[in-house]
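Look at the two complexes coming up: chain A is in both, with chain B in one and chain C in the other.
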Partner chain A sequence: MPFSAAPPASGEPSALSASLDNARHLSSLLRALHFQDHATCFATASGLRVTVEDAKCIQANAFIQAEIFQEFAVQEESVVFRINLSVLLDCLTIFGTSSLPGTSTALRMCYRGYGYPLMLFLEEGGVVTVCKINTQEPEELLDFDFCSTKVVNKIILQSEGLREAFAELDMTSEVLQITMSPDKPYFRLSTFGNAGSAHLDYPRDSDLMEAFHCNQTQTNRYKISLLKPSTKALALSCKVSIRTDAQGFLSLQYMIRNEDGQICFVEYYCCPDEDITEGEL
Partner chain B sequence: LSRIGDELYLEPTESGLSLRAVNSSRSAFASFLFAPLFFQLYEPGGPAPDTERFRCKVHMKSFLGIFRSLPSLEKSVGKCLILLKPRASRLVLQLHCKYGVTKTHNLAFQECERLQAVFDTRSCSSRLCAPARVLADAVVHFPLTLAEVTLGTGPGGKISLRNYMEDEAEPSKTMMTELCLAEDEFQSVAVSPGSRITFCLKEFRGLLTFAEASNLPLTIHFDEPGRPVVFTLDDTVLEVHLVLATLSDLESDSQPAPTNGVSHLPAPPDDFADDLESYMAALETSTYEGATGRPPSPTFPLHSPRTGQSDPEEGEEDEDGAVPGTPPHKKFRSLFFGSVLTPGGPGLAPTQEVLAEDSDGE
Partner chain C sequence: MRFRAKIVDLACLNHFSRVVNTIARLARTCTLRLTVSKLYFILSDKVANGGVSMWCELCQGNFFDEFQMEGVAAEHNEIYLELVPENLSRALKTAQNAKAVKIKLTNKHCPCLRVAVELPSLSSSSRTVTHDIPVGVIPRRLWNDFREPSVPDFDVSIYLPVLKTMKSVVERMKNLSNVIVIEANLNGEMNLKIETDLVSVTTHFKDLGNPPWASEDGCQSSAQGRDLESMAEARIDIKKLQQLLAGQQVNPTKALCNIVSKRIVHFILLHEDVSLQYFIPALA
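Moving on to the complex of A and B:
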């Protein structure tokens, strides 16, 4: 198939067609979600959303607004399909993952509609690769019903302060305990591993703290294996917002600036771990 | 210390905080004593001056895990607070980092006996002192896989280092490396000529790395083959000792008749093996008899003179030491380990009868 910006020969407009000068803008975000093989893609006029879920407890979403793309057209109200994320990432990075300055992979995506595969045209330095990835029926996704009006505690931190902490989390601990409080310790991350417990405290007046809105003392535990993948999103981001609602559901929103200075978001939602009784600090 | 053992022993004393380790075959022991001046604040604590100082041991890996990335620690950590909380059974390490962030680690510890190798540098007939760099440069010529090295003193003040070959190895198939250092490369030399000792290189390398980094001269105290070699580093706020067993001469006979210089420590025998190990002592050359010509086994010796009594605790690794022909290939004499409750200078473990049997803790 010739690599061109023209619509497919059949004359039917694609349900989704998009062009991106630098495929890394997409691949790096998707890598931050890559803790499961499959993802669900939603495309609307405002942009693309990719969702990955695990264990019915955790959901991660990446948002790439239409403005990030050089061309972004969606024919129907919305386009939804499920796809193998591992394969998608392999294709997007088919020319390699190292980012040499000045070189980038150009991407064109076409999806004709329900039942059709996702077509990717990737070009770098005059070499063109065509990929055809089968799509699947989208599955029912969790609705965490997490809206800003129900937020009990909210903190915005500079990612720099959390990166090392997340990278060095004691993985022998089953849970990551998060305490947010208007009083000391303000914001605390705790693990309970084989060697003993570890607590990481961030005071409310720390330089890292961009916003601190905690109304109630809450301590919640989350399965550490579910949250650990969020470290990738944290590594890419410049800021992170951490919010909990009355049920203890956790929302982590990462603000990511790409190579061209454009902003994208990745968010993680996680249910609290119900096996453990609360209040054990 | 992690090059030596899997457990870190912490002992706060009046003269500072002592960190120690011993290897599993009891042929290497190291201690780092940080004087109170090393710290911004040093409070050994304890309810009353006479009470036994609390000591504990933690898993080396858990402890090291807290200080994982040195470069980032240097950049981000301002202060480290170490608290020993016996009632909570926790060793607390608190790192005060930049941006006001505090990392608190609560490590579980085990109570333990005092870990002390018995040695006396004053009784060593030979002593060498050199900048760590000189020795490090010398040792670098030996392959990393080399287990033992022989340090020898020759005529004309020549100090040589040679790789040690096992008897079983064929001379024609092994590469031999010998390095000689002149007397003037050392800061001080006080040796009996013609002496030669063989010790394990791996543990020595660990100390050398530290010595080089801290730019301290290293002193080597040694004596006859079979007697432990002691490496020391001295500084105003730090005293380091590394005690390694040395290979005994093949001519000396086996069948050690060791005695356990045991005096009873009123300590909670939570961990049997530990209690036992601390009480082990090995004797040396002078008490050897028998003519089997077989070198003694490296792990702790241990025929108890009180054969009449049942010694269930002896059963563990120590039996191996007593049984002839057991696996350990190394012919190292084990170190002196005595329970050091009796005050007085560090001396050789005297040949004593066992004063009291170990009580069965369970």
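Moving on to the complex of A and C:
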């Protein structure tokens, strides 16, 4: 799709250049991460990863593979920059967020390299918007060192089962307690709020449970204010995998199908708030 | 001074409500001018408004089934009232399914516009909801403050883009900046621009068309003899523009703006029965 306001051809190719027929494929995913103003963008030949962190305890990542884009080219091995996510989202949704059938905003992104701004070219209905967003020095990010070999407990649930539970979490509770066990209660979400404690159990043979691999009884608590933003990712997703490792670190992986049926992932990692051993349950 | 009017037709009532809702979003207080044939909602450019002014004109015959007015004097057969349009808007909200709405100027304890809404009722007697909206009567010596603004000697006149698109873009830009630059040329091109330390965003509209203004007295206006590509621009408060666009509940039949470079932007929105002019001054 031709852009009359396309970037003038310069001598060097951009470090990152990408185009997307439907900008919503990117903007809706990024909204699922939008709990802080800043995000770090990584681009490699495989695609784009956007990371948001808070309080040195929680990290959210969105992965958009190169195949989702109509064009995706990275000149260097990897391209990294930090950017204001609120500004980026306002630009990506400049023509509005309502999805009228048959209309979509086309997007072209260019990043010339270190120190340059991110250029966005958006087009809808013949109207073109050009955005120039300043980028910043990337900051060191947390490494949760979460790999499949260290996973102690894992379940995969259909998202519709969790949506209501997460939307109605008792926010007067400081923590969300997650219990995973090969025995009852199998999978339990608990809160301890002003009105009392609430427990929500999911039996292992529930229709919503797609996979259940729990080897050890673990109970961990996580700051509820940090996990609450993950509700947005849950709302978009069809499935979620919940995993913990021996230290009680939590990984939530959301499988999201976009309007064209393509799959993307959003991941949340969270540190436990305190350690509780089985004995203290 | 007397004024009484009545609307019976539901479509006219809804239309009138929509107009009042639009006015309420543009002005906290304004002047309502009543003549034999027309109603005007006027906001004159005071510093308190941020220098914006508004002139909205309706033909009473298109809205009211009955309309009787007697001005302050025979030679000055008009009434000027100061009111808070939000009060009128709220009163009309109760009239969504009304059988009739009567508006009357009263002066029991203080001048009021009495809006009596007759609602449908299952029993034989009808239900009426009455709202008394306090108004200020503006004396004749101050009427000169509310004269119709003249069309400025503009550099460029251009039709506005599809309002829905313009509204979305301006709403997003409002999150990014307090000031917006609106520029346009006689080649049907308009750009909306914001620029801050963090980000700059420009939206380009093309093929908008430029309205043909007949030159008066055959004298040259600033617009004539102007290079087609050359842009006239004005930096304005983005909130004022957003309020104007957000207030449009129905698509106008004609929407255009006149730009006096670095001075003022004059918006004209025409519907079948209503014309709205809105002036936003350029920032220093």
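We adopt the following convention: the second predicted complex is superposed on the first by the 266 of 281 C-alpha atoms of A that agree within 3 Å, B and C clash if a C-alpha of one lies under 4 Å from a C-alpha of the other, contacts with A are read in each partner's own complex, and residues count from 1 in each chain.
In this text, contacts are C-beta pairs under 8 Å (C-beta built on N, C-alpha and C of every residue); 3 or more make two chains touch, one makes a residue touch a chain.
The structure presented is a predicted model; accordingly, all values stated were derived computationally and were not measured.
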Chain B and chain C placed together on chain A: clash or fit? fit
Should A:161 be classified as contacting the first partner (chain B), the second (chain C), both, or neither?
first
*Figure out whether A:151 sits in contact with chain B (first) or chain C (second), or with both, or with neither.*
neither
Message: Once chain A of both complexes is superposed, is A:198 in touch with chain B (first), chain C (second), both, or neither?
response: first
Exercise for review: Give one of first, second, both or neither to describe whether A:134 is in contact with chain B, with chain C, with both, or with none.
Suggested key: second
Ask   = Between chain B (first) and chain C (second), which does A:206 come into contact with in this model arrangement: first, second, both, or neither?
value = first
After superposing the two complexes, the shortest C-alpha distance between chain B and chain C, in Å, is 7
Residue positions on chain A within touch of chain C in the complex are 5, 84, 86-87, 90-91, 93-96, 124-134
Seen from chain A, its contact residues with chain B in the complex are 161, 164, 168, 170, 194-203, 205-208
The answer for chain B against chain A in the complex is residues 58-59, 61-62, 65, 68-69, 72, 76, 90-91, 99-108
Within the complex, chain A is touched by chain C residues 161-162, 164-165, 168-169, 171-173, 175-176, 197-207
